[in-house]
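Per-chain numbering from 1; labels A, B, C, D, E, F, G and H assigned in written order.
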């Protein structure tokens, strides 16, 4: 394991007490910490334990960096269509960074205005791994998959309404474009995508 | 109604006898005829009644032109991703033509190789209405919808496997990109798309 | 693009801050504005920026008209069954109007009392495009599709309960009646239907 | 139980041997017989046992009338949209008749051509119970339900394709129009609808 | 129509203002009134208009009886399994009564304790029509269908959790037992079941 | 493991060659054999290897008994509604017997004719474990679960049509009646039910 | 029935009044009581009736022990993956104990860290029945099923997000591993699993 | 692109003529060829064009190697549970090899017999990328994901029956275990998994 590799806690479905107890224990192990799906209320509670905790409102993450994280030179690109997917983008970014990766975030490049995507193509093609975050318009991963030769990890989001069925639409779209180097993680799972991307990025750089 | 407007019969779920009987009656009315979802066996049977019937194997259509069809100068574009969607493309083309429309077919322009799409952009942008036919990769309608200002009618196809769920994947994708001027017809419904496109095309030209 | 063509923003899933920021930027471009799925709270915030903003409670739209909109003589008909679908009807109406279309709204004409529909047939048949909004009783689009020769754009709504499954029932009904000149947009997508109808209406009138 | 009330056997999922054995036993009880979902092969086999058996190819029913069936004066109307639903219509008709009901069949009255429905309104309104059989266009039951005051029993059929999902579309439509006196049986269940209608018809006539 | 036949309003998805306006209009027509899916807040508002309005909390109905309702001697039985289905039972009861039917309610007779059902068999068998209301344990309609010869109208309820999927489980169960004289209305649609039952009951008695 | 405990092979999705090879190997180990989902063609092939193989056409099982199986005195009851579920009943029976259990099969006791079930109650109540096999009418497990105090293992079958959705209906019904001592295995999984029942039966007898 | 066998009440979907009334009646019968899915508010209400009531916040159970419960020596193991499933674990535990079973709870043994599972294997293998509670990662039941020869009762939980679809994912996984001695109860149905396990445990011990 | 990188054709949904025509064209470009989802009949036809074509019956692939493929030293592991998943395993293997990767296939290591998996752990842990192929028992990817630190690409297969729903069960399981470094491709998409794995493997080795 790399230096600074964090302890991870998934807060959804846990009570305030359970989260506080787990983080108290993690702190005692003197390690970096990443908590996902955390409410602000949870953050307030654990900041009592250790004031250097950080909260990212949009990402709903709590992070704590006690040890230095050496960041890679190569980077992971996180590509997304619109403002509404930003919370998943942020979860992925927080995760990738605390796992020691450099990240470039490229947003507002949905397929309905494809020229904006082309304007950012160099940044996307320069990455070792590309994470595509897309809701309503899950089509983005197919287009990106066709434009880059690096592995693409697609994250469907639950953003949308009606026949979106809470992300099912984007999920199915993404699963059906796998041929061009695209694989898929769970709906809204920014964490999982970044975790995957991090493994691959570190293996490419040679630090596995 | 325009001169030469055809009688239409949908053959799926009908017996050979029912189809023959209906077409015999249509012939007696001295009109053009379009039969969709017709088997070759049905074609053989009705050719007995009238040798000038045409069969399009891929489209599974029987057509009969007794009256002249005046074709419009403006045209409908039918855009599709791949070889596997061709039968729906052909059904749409046969329908649009017998309804008196000029048609341009633009295939092999899937989103995974988006430069091929850009090569054909002039032909697509020149149309009064654009029909987008796409299966597995239903993403095409979002991209086209963003590139043209004409109305786009999207036809999801049942081409694909696994999480495609017989066209459900493409259907949901298309319904979720409606904002940019895209509306949707039933899975594999090349006929319906062309019928819609024809109404719009004729209204634009002024022959309604 | 026509004079007065608005900037559009979709507010669902955006924070109050994001919406305000985007609209501030739009205002700086001196253009008409349409915001859909906006809460009253968002409206209060942006009215601070510009007091001439309008809010339609039922439609959940914010509109701002800085430039004159020349309205067409021809019109779009918006047809619906009942009181419960009115918010989608209103979203479609606000959209169509700010896009420069004349609109006739015809409500309370559900299929369970079909004579009321027949009483309004002249208004419906006079339109260039017909938008049918229907929930629980998605059947309306099939009936209207059979009665008019203009293109019909169907909007399923999520109104209903039980086996309605949040609009799935109406959506499937509408997709299954496409043959008679009906195409479909996403559940509750009044905006998308009006956007489509506007494109077609303007092309027919000759202003494309 | 009324005189001549038949024994009923549902053949789907049974082997040829099982069907023959059951019918042999029924014959020994000297009663009228109705077998549904029977293949022609099954018919050939049981005709060996008793040459007066009748087979309705479309309905897939075997019937045997050893005892007289007194038919009611009042009648059940069976209403359907198109040729493709005829096998369900026929199953319902065979069932209703062998249960001692007079039947009027009114076909080709789909909602897309609603005037044809109005032409037959007297026959429909004259019935004690109305069975509506409709596939792709499940909308028929809503319209009929609004036009008659008798109870309507709706049978969704699996006729259609794509977003029809083997009858799910028509089923959901019908369940969502229950308010106006419509209740629903299983997809393709012509037998069940007729059985229900027969109970009601006989109770109205007073022979329960 | 019978004397005292009420005006009906379905309040779900309507605003407080809409409901009040509609009821004000109904009152002006001097008729009995039934409002379903009404909140207590709606009740408070319309009681201002007319103090004799009644509210049934469990049924969520508002009723108003200005004209006498002649009740039939024959009756409709409403059968249900448990306490949790009572709100649907009550909606059905209020509806049936204001439509002029005598009603017997038989609860707490779920299939898991089938002897309790047998204890009430006489009351169930004495009815002209039987409404079966059942959630989680949709099985009740099959059992009752087998025990009575009157028509059974089954109402699946959304009571349950997990693989109940908001009533889907009970709905499917009920649709699959149609052979024994059972037909089905929408999930939680106590109103629809009672409306159907009322039509049948009145036709049997001879008042159609 | 008990004396005579068999090797098990699941033949679905295996080629003829794969099945033959696996069974040749099993024979070399001198053990009893149970093959499920076996075609007659597979049986013909393996009978070449060892003529004492038995084939149960309905169950689609191949069995081979080289070692004696001591049968328990206590028994497992297998209860089912109708002829159409017999193949699942037979798979369960063959499995339970070769696993060394005594079996009583009680068929034709569907809930629509509940008195037949009561006639067989002693046999059902005498069992250590009760397997309930039911398709279309999945309700049987709820009723049986309420009548016995032994554990009930429910097997939904794919028998049915329409809203049965290949067994989904019965599956959901059974999952929703778990309170009364019912647990569920996969659709059509007669093998799994018997395997479970056998474990429990042997543990009760004391031979675990 | 064993001494001390409790009355059981399922509180979901019942009003506060209904719950209080039922428990008042149960108290009058002088028996032990188990109430599941109870809110704290319900607890406060019934504690008024009888101060010795216990509330388990996580399990959402109210228990009342007036009579002694003799606990078995043999035990039921309840195995689960993580903190988030604890409320189902607790419901199962409360149920099993008030039914007179000794329980061992083994948590934090998810398949993603399978060594932790192996560390607890002796405790799991020592049980007469094993209950496996798992959400997101429904895989646990397959692994445990392969490691123990006792019957396994699997409880899918609704813990998770996205493609978990409220427990559907875990439910399907568990149904597909039935061959190795696993049967399944409804999503989140800790009560049902424990009830089943209790029946089996008592039959094994010989107290049936 | 690497030397010898093949042309790829997906044969499903293409006619014999279309496949032959495409491959004739590919041959003219003097390149290696991989055709997936090919029938034996297609193979017979293209062998006419070029006798050195290879057919893998199980994988349903046609391969043609005109140029040398330099194989990597590092390898991709393909892990699967049982005999029934072999066709997907073979498609993945053929794809990975013609893309220039060394492959180790590790089968018969399903989670129900987890010791077999542990016996092969060294081979699995030695790989740069691990492909997990699993049907009925989709649980395998969760377990493997927890045991290795390399990226895992999971392929759900449609093997199974009943509540497997053609691979949906395995698909959902896999999507729900993404956290531990697992990403997912479409059901039965051995090609897509291998294509992804190949990209990653080559990037790690440094040949991108």
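One rule holds in what follows: a contact is a pair of C-beta atoms (placed from the backbone, for glycine too) under 8 Å apart; a residue touches a chain by one contact, two chains touch by 3 or more.
The shown structure was predicted, so the numbers you read here are calculated from the model rather than taken from an experiment.
Asker: Shared touching chains for subunit A and subunit D?
Answerer: Touches both subunit A and subunit D: B, C.
Asker: If every chain is reduced to the average of its C-alpha atoms, which one ends up farthest from subunit G?
Answerer: Centroid comparison gives B as the farthest chain from subunit G.
Asker: Counting in whole Å, what is the centre-to-centre distance of subunit D and subunit E, each centre being its mean C-alpha position?
Answerer: 27
Asker: Measure off the straight-line distance from the CA centroid of subunit A to the CA centroid of subunit G, and report it in whole Å.
Answerer: Computed from C-alpha means, the inter-chain centre distance equals 36 Å.
Asker: Mark out which residues of subunit D touch at least two other chains, giving numbers and ranges.
Answerer: Residues 10, 162-164, 168, 171, 175-176, 179-180, 186-187, 189 of subunit D each touch two or more of the other chains.
Asker: Among all the chains shown, which pairs meet the touch rule set out at the top?
Answerer: The list of touching pairs comes to A-B, A-C, A-G, A-H, B-C, B-D, B-H, C-D, C-E, D-E, D-F, E-F, E-G, F-G, F-H, G-H.
Asker: What residues on subunit D touch subunit F, complex-wise?
Answerer: 10, 12-14, 18, 22, 156, 158, 166-168, 171, 186-189
Asker: Can you name the residues of subunit D that touch subunit B in the complex?
Answerer: By the definition above, subunit D touches subunit B via 83-84, 159, 161-164.
Asker: In the complex of these two chains, what residues of subunit G are touching subunit F?
Answerer: Contacts found on subunit G: 10, 128, 149-151, 153, 171, 175-176, 178-187, 189, 191-193, 195-196, 199-200, 203-204, 208.
Asker: Which of the residues in subunit G come into contact with subunit H in the complex?
Answerer: It is residues 111-114, 136-139, 142-143, 145-147, 160, 162-165, 168-173, 175-177, 179-180 of subunit G that touch subunit H.
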